[in-house]
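Naming follows writing order (A, B, C, D and E), and every chain is counted from residue 1.
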Amino acid sequence: MDILNALVVFLNFVFVPGLAYGAQLALGALGVTLIYGILRFSNFAHGDTMALGTMVTILFTWWFQSMGISFGVLPTALLALPIGIAVTALFVLGTDRVVYRFYRKQKAAPVILVMVSLGVMFVMNGIVRLIIGVDDQNFVDGSRFVIAAGDFREMTGLAEGLAIKTTQVVTVVTALVVMGLLFWFLQKTRTGKSMRAFSDNEDLALLSGINPDRVVAVTWIIAAALATIAGVLYGLDKSFRPFVYFQLLLPIFAAAIVGGLGSPLGAIAGGFLIAFSEVMVTYAWKKVVTYLVPESMAPEGLLQLMGTDYKFAVSFAILILVLIFMPTGLFKGKSV
Amino acid sequence: MAEPFLIGEAMTGGYGGADILHACTIAVEKGQIAVIVGPNGAGKSTAMKAVFGMLRLRAGHVKLAGEDITALSPQARVAKGMGFVPQTHNIFTSMTVEENLEMGAFIRTDDFSDTLAQVYDLFPILKQKRLQPAGELSGGQRQQVAVGRALMTRPKVLMLDEPTAGVSPIVMDELFDRIIEVARTGISILMVEQNARQALEIADKGYVLVQGANRFTDTGKALLADPEVRRSFLGG
Amino acid sequence: MTRNLALFGGVAALFILTGAFESWNLSLSILGIALLSAIMALGVNIQWGYAGLFNTGIMGFTALGGLAVVLVSARPVAEGWAAGGTGILLGLFLGAASIAAAIFAWNRMAPGRTRTLVTLAIGVAGFFLFRAVFDPAVVAVEAFNPATAGNLGGLGLPALVAWPVGGLLAAAAAWAIGKISLGLRSDYLAIATLGIAEIIVAVMKNEDWLARGVKNIIDLPRPWPVPYEVELQQSAAFVDWATRWGFDPVSASSIVVKLLYIALFTAVLLAVIWLSERALNSPWGRMMRAIRDNEVSSAAMGKDVKARHLQVFILGSAVVGIAGAMYTTIGGALLPGEYNPLRFTFLVWVMVIVGGSGNNWGAVLGGLLIGWLWLIVESLGPDVMRIMVAGLSEGPLKAHLIDSAQHMRLLTMGVILLLVLRFSPRGLIPEK
Amino acid sequence: MIVVEDLHRHFGGFRAVDGASLEIRTGSITGLIGPNGAGKTTLFNVIAGRLPPTSGRVLMDGEDITGLPPHELFHKGLLRTFQIAHEFGSMTCLENLMMVPARQKGERLLNAWFNRRAVAAEEAAIRKKALEVLEFLTISHLAEQKASQISGGQKKLLELGRTMMVDAKIVFLDEVGAGVNRTLLNTIGDAIVRLNKERGYTFCVIEHDMDFIGRLCDPVIVMAEGKVLAQGTVDQVKNDERVIEAYLGTGLKNKVKEEAAHA
Amino acid sequence: QEVKLGVLLGFTGPLESITPAMGAGADLAIKEVNDSGKFTLGTVSAVRGDSTCIDAAAATAAAERLVTADGVSGIVGGDCSGVTGAVLQNVARPNGIGMISPSATSPALSTAEDDGLFFRTAPSDARQGEIMADILSEKGIKSVALTYTNNDYGKGLADSFGTAFAAKGGTVTISAPHEDGKADYSAEVASLASAGGEMLVVAGYVDQGGKGVIQASIDSGAFSTFYLVDGMYGEALIEAIGEPLNGSFGAVPGTDSEGATKFQEMATAAGFDGTSAFSPESYDAAALILMAMAAANSTNSKDWTTKVMDLANAPGEPILPGELGKALELIAAGTDIDYIGATAVELVGAGESAGNYREYSITDGAITTVGFR
C-alpha cells in the first residue's frame, strides 16, 4: 500500500498531461466556437490559422533571440506573441475581405462557408509551408520545468516523480483566463452583445443600428488572437510542425462540439473531456494498482481497458455517448 | 402644405422578380399616426421594407424630414432616428428579453434605464421573463418584446409591421394606448395592421394598399366610414 | 440546360487537355478515380441534398466497402482459420449477442435503477466474455506468419461480387450508426459520424486478423472482365492488334485496362443516377425535401421523419460503400492508413457543394471536376510555381521557392476551389 | 373526442401547463382563448405529440394517445397548424399542399422507381385537390411561388390549406387569424363551419380575435397561467369577471372617447 | 539527350518533413553522375512526383504522370510501403518500369509479383527485428516497453522484434502503437510508463510521433534510455531533445565502410541533413539505377533492372558515395563493381537489402559508432 506514490503516478502520467492537453484543445476550441457562435460556420482553416500565427511568432522570437532579448524564466515567444497576433489578425481580416465577405453578402448557407474555409485552409496550408517549411521548429527557451521529475523525487523522497512544465502551467492558466474573458466579453460588454445579436438575427441587428462590418472584424480579430495564443502555447509545450497543427483540427472540433458550439464554457469543458478520455480509458492501471494493493496481489496484466491504438476511437465513443444524451453538447450549443 | 416628416413617394420595386410595389406612396406627419391596411400579399410589408431601405427601389424615393435618404443603408437610417419592427423574425431568439431590449437601445449613448422601466411598465410580463431567452416565449410575448425593442430606440419615427398580431385583447388595448401616447410626444408612427378597425380609429391617416398600389387614402375615420373599404378590407 | 452541357463539356475538355499535354494514361487513370468520386458524391448528395443530413462519416463507409473487397475476394488463409477462425466468430457472436441482450433489457424493463444496473451488468459481463473468447483466438490467428499473413483472409470469390457486398456492409453499418446518431442535428451529427468513421478505420487499422491492419493487403484480384496489362502484352493477338492500329502495345494495354474499368464504373454511376433521379422527381423526393425544409412540420403532416432519415442514410451510405469497394478494387490493395477524413470525407463534400447540392448532375460534375483537380494539382502546382518565380532573379529566395514547389499542390487546390465557389456560390449546377 | 386529464408541462421550474383538464366534444368547434403565455400553444404541442407532457394523459376517442409521435397522430386524423408559420420554404406553395396526403404510393421508393404509372395517376388527383384548396384561399396565383417568398399572412393561409388536403377528424388551429385580413378571415371562418358541418371535422381554435371566436365557437375554454380558468358559451365567458380582468380588458373605446373629451 | 529519373516520395502528407532530405539524397547522386561526365546515355534529370505517402490514388496518378507523361526510365520510390505496392502493381508493372524504393520495408513486398522490376535499398523489417533483439539481449536487457508508429513499417518491425526478443528470453511489457503527426502522446506515454521496462524501444520516425513519445517520456521521467530503430536515426533528434538523449542507442543499416560518413560529408556540403532518415538509402537507390543503366548501356527498364543485383553485390570493386564517376569508368571498362554506397547495399532474395547494421550510441550529444552487424 502506497497511496502517495500511486497518486503521484496518476498525477504525473494522467492528470498533469491531460490537463495541459485539455487546455491546449480548449484554447483552440474557443476560437472555433467563437467563429461558429458569431459568424455561424465551422471554420476549417482554424488549425492553419494557428499554424500561421505560430509561424509569425516563431520568426519574431528568433529575431528577438538573435538580438539577445529574453523574458527571464518565461519563453521569449511570449514577447513575440503580440506581434504574431497582430500579423495574423491582419491576414485573417484580409481573408475575410477577399473571401468570406462575398458569401456573407449573399447569405450563403453555412455549409458553403465551411467549404470555402476548406479552400482557405488549403491556401494557408501552402503559405505556411512555403515560408517556414514542413519541419519541426523548436523555439522554446526560458526555464523548461517548474518542477522536474528527478527534483521532485529528491525533494519528497518518493519513488515516483512528478514533472510540471512551465509551458503546462502557462497553458492552463491562459486557457482559463481567456475563457473567462471571452465569456465576460460576449455576455456583458456592449460589443459582445452586439456580436451575439448579429449572429442571432442579422437583419434585426441592422435594424438596431449594429454595424455588421465592425462585428465581423472584431470577431476575426479575437479569433486570430485565440488561434495564435493556442498555437504558440501548443508549440512551446510540444513543438511546431504545420502538419500537426492541421491534425489538431479534429480534436479541437470535437471539443468545441461536445461542449456545445458557441459556448466558451463548453469549449473548455469539451477540451478537457476529450483530453482526459483519451488519456484515461486507454491508461494501463497496472502501476497505480501495484502501489495500492499488497505486493502479493500485484497484477500480472496491464489492466488496460483498451489498447492505446483505440484512444481516438474511445474518445470519440465517449463524445458520441455524451451527444446522445445531450444532443447539443454539454452547454446547450447552437446549431445552424 | 409642407412636406410630411417621412414619405416614401411613388415607390416601385420588388424582390428581384416582378415588381411588387407600383408607384406606392406612404407618408406620415410629425407626431401623427398613419396606418396601412390591405389584403394579404398586398405589399404592405414590402412597402415598409422599402421605406426602411431593405429593398432596392426601381423608382421613387424616400425622404425623412425633407432629406432624401433613398440611398442610405438600413443602419444609417436607424442612426437618423428611424425604428422598425418587422412582421416576422423580429426578436433575437437566443438572447434574453432584457438583452433584446438593450439591443434596441444599441445606438443610444445616454442612460436608457428609464425607457427600460417604461417598457416593463407597458408589458409587465416581460419584466417577469427578463432573463429568459426570448425564443422560449409564447407568440404574443415575443410580439411584445419586438415592440418593446423598437420603443427602446427612442426613434423620431417608428414603423411597426402588425405589432398586435397574436397579442391578447387586453395587451392590444394597452399597446394602442401607448402608441397614441408615443405619438403625442412628437414621434411619428407608421404601422401596418390587420386589426384594422381599432387601428384606423386612432389613425390620423389611413392607406389601403391593394396589389402594391394605393387604393384609398384618407383619414382613419373617413376610411372606417367608407362602406366599400369596410366590406372589402375590414371584414364588414 | 445548355449551360450544364457546356459545363460537362468543359470538364471533358480538362480531361482531353490532360490527355494531350500530359498523357492519355494519366488522363484515364484520373478519370477512373474521378468517376468513383462522382459516385461517392452522389451518395452524399442523397443524404445532404435530399434530406439535409450532415454526414461526415463518408470515410468510414468507403473503408467498409474496401474491407468487403478483402473479405469477399481475397484468398482465404487456411492456417489462420484453423488456428482461431471459430474462436473469432464465436467471440464476435457473443459480443453481438450481449449488445442485443443489453438493448433488449433496456427496452423491456421498466425505467429505474434496476434497469440501468441490469443493462450495465449485461454489458460489462458481455465485454469480458467477449474478450475471453476473442482475444486468444486473435492471438492465434495473428501468430501465423505475421509478415505476410496473420489474418483470416477472404472467401476467394470474384471481385465483382465484392461491390454489392461493399454496399450491403456499408448499409448495415449505416443502419446501426443511424439508429445511434440520427437524433443529432447539423454539426453535432457531423462530429458523431466523423467519430464513428474514425472508429471504423481504427478497427481496420488495429485488428490484424481482419485484414492485416496497417500491414496492408496487396495483390487483390481484378474484377471480370479486366485483364492484367502484362497478360495483354504477352498475348500475341493483342500485340498484333495494337501494332496494326499503330499503338505501342505497352501503353495500349494499360489504356485498355483503364477503359474497361471506366466502363464498369460508368455503368454503376449511370444506374445510381437513374435511380436517384427517379426517386428525387417523385412524391418520395418531395417528401424528402419537405423533411429537409422543416422537420417539425413534416412530422405534423404525418411523415415519419426518423424512418425517412434512416432510409436515406442507409441508401446514401450503401452507394458510398459500393464506390469504396470499387476504389479498393482498382487500386488492388487495401491500405487502412489511406483513409483520412480530408481525402475521403471533406473532399467529397467539396465535390457536392461545388457541383451544387441537391442536384444529382451537379454532384457528378463536382465529382469529376474536383476528382480531376485533386489528382492533377500534383503536377499543376509545381508548374504554377515555376511560372510564378520565372520573373524572379536567381538567389536564395528563388531557390527556396522552387524547393518548396510541392507545397503548391494544396495551395493551387485551394485557390481553384475558392475561385469556383466565388463564381458559382450555389454550386455549378444549382438545385432547381 | 379529445379528453385532457390533469396535464402538466413544465419548463425547468416554470409551469407552462399546470394541471389543465378539458374536453373537446366530437363535432364541436371549441375555442381556446387566454392571455399571452397562458399555455395554449404548449397545450397544443403536448396534445399533438410535439412535446412530451411532464405528467397527465391525453385521450382521443377513449384511446390513450399521450406521447405518441406527431406522425402517428396525423394518421389517426389529428392535424394541427402552427402559430409561427412552418412552411416548407424551398418548395412551391402547390408542393406544400401536395406533400400532405398520407400514404401516397409515390412515397414508397420501390413505386417511385418501378411503378411510375400508378404514381402518376395518384399525383394528378392530389394536384387537382391542391389547386382547389389554393383557389379557395385566394392564393392560386402563388401556386408556383416558393413558400419562403410569400407574405406573412399568405403563409398562414397555406398553413390552414394543409389541413384541408386530407380528411381529418380533429384539427387544432393555432391563431390562424393573426395577420390575416379580416375579410378573408371571415371567409375562412365560413370554411371552418362548412368543414365542420359537411365533413364532420372537429375543431379546436386558438384565437385572440373575439369577433371570430364569437362567430364560430361553442363552447369556449379560457386558459390562464396553465390552468383552465373558465368554460362556457361565448357570452358566458365574455361576461365572466375573471376573464375580463385577465384577458379581455375593458376595451379601448373608452379611452379614445376620454381623449376626445379632453380635446 | 536526356535521361529522366522519377523521384516519387511523399512531399506532402505525414512524411513531408523527412522526404525533402530523401529527395536531396537522390538529387545528390544524380548530380554526381552528371558532374562526372562519364554517363554516356545522356544528361540525367530528376522529375519529382508526390506520393503523399498515404493516398494510393494520388500516388498512382503521380507515378502514371512520371511514367507516361514525363517518360522517366526508372523510379526512386515510393516511400511508404502501401502506396509503393499500389504503384508497383498499377503503374510500374503495366509499363515495365523499374523501381528502387529507399524506404518501403514491408515484408509483404518481398513476395509481391514484380516481374523483376522492384528493388529496395532499405532492408525488410524482419531482419532489423533480429538485430535489435541481439543488441538488447547482449546488453543484458531483459524487459522493454515498445512503441511503434502505426503503419506497416512500425507494425512489421514490432512484430519481428517481438518474436526475436522473446526467442532470446526477453519480454516486451507493452507494445503500444502511436499515430504519427498527432497532437499529443500522453496516453501512450502513460501506458508505456505504467507497463514499465528497463528501457523504451521506439520504432517510429525521427521527427514524427517517435520524437513526440521520447520527448514526453523524458519530460515526465517515464524512461531515460531509448533504443532507436533506423527510422529514428538522425542528428535532428539530438538537436531537438538534447542532453537527456545521452545513453540511448540504436542501429542503422550500414557497414564499417566509410560510406555513411562520406555521404554525410557530401550531404552537409550540399546543404542538407545526411543523417535524416532514409536519405542515404535514397542516394543509393538513385545511384544504383544509374549504375545499372550504364552497365546495361540502356535506359530501358527491362535492360537495366537485370543488372542491379550484379552491381549491388560482391564480387567487384567496392564503390562508396562520391565515387560514382570512378564506378562509371570501371563499368565502361567492363570491370565488375560492388556498390557499397552510403548504406552498404547488399541485395538478397527478391531484390532487397540484406541488411548490414551499424550499431551506435549517443554520447555527449554525438553519435558514436559502436560496432557492426
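In this text, a contact is a pair of C-beta atoms (placed from the backbone, for glycine too) under 8 Å apart; a residue touches a chain by one contact, two chains touch by 3 or more.
Remember, predicted model here, so these are calculated numbers, not experimental data.
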{"item": "For subunit A and subunit D, chains touching each", "value": "B, C"}
{"item": "Most widely separated chain from subunit B, with each centre as the mean of CA atoms", "value": "E"}
{"item": "A-B against C-E, pair bridged by the larger set of C-beta contacts", "value": "C-E"}
{"item": "Chain centre separation in whole Å, for subunit D relative to subunit C (CA means)", "value": "46"}
{"item": "Mean-CA-position distance for subunit D and subunit B (Å)", "value": "27"}
{"item": "Geometric centre distance via CA averages, subunit E-subunit D, whole Å", "value": "74"}
{"item": "Touching two or more other chains - residue numbers and ranges from subunit C", "value": "205-206, 407, 409-410"}
{"item": "Per-residue multi-chain contacts in subunit A, two or more chains", "value": "129, 133-134, 307, 309, 312"}
{"item": "Pairwise chain contacts, counting only pairs that touch as defined", "value": "A-B, A-C, A-E, B-D, C-D, C-E"}
{"item": "Touch list for subunit A against partner subunit B, complex", "value": "190, 193-194, 196-197, 199-201, 203-212, 334"}
{"item": "Touching residues on subunit D, where the partner in the complex is subunit C", "value": "48-50, 69-71, 74-75, 79-80, 82, 86-91, 95-96, 98-100, 102, 104-109, 111-113, 116, 119, 122-123, 162"}
{"item": "Subunit A - residues contacting subunit E, complex", "value": "9, 12-14, 16-18, 21, 24-25, 129, 133-136, 138, 148-150, 153, 161, 163, 165, 234, 238-239, 241, 243-244, 247-248, 251, 275, 278-279, 282-288, 302, 304, 307-309, 311-312"}
{"item": "Residue ranges of subunit C in contact with subunit E within the complex", "value": "21-26, 29-30, 33, 146-148, 150, 205-206, 208, 213-216, 218-219, 228-230, 233, 250-251, 253-254, 257, 327, 330-333, 335, 337-338, 340, 343, 374-376, 378-379, 382, 403, 406-407, 409-410"}
{"item": "Subunit D contact footprint on subunit B (complex, rising order)", "value": "15, 38-42, 44-46, 87-88, 125, 136-141, 143-144, 162, 165-174, 176-177, 180, 194-198, 201-202, 231-236"}
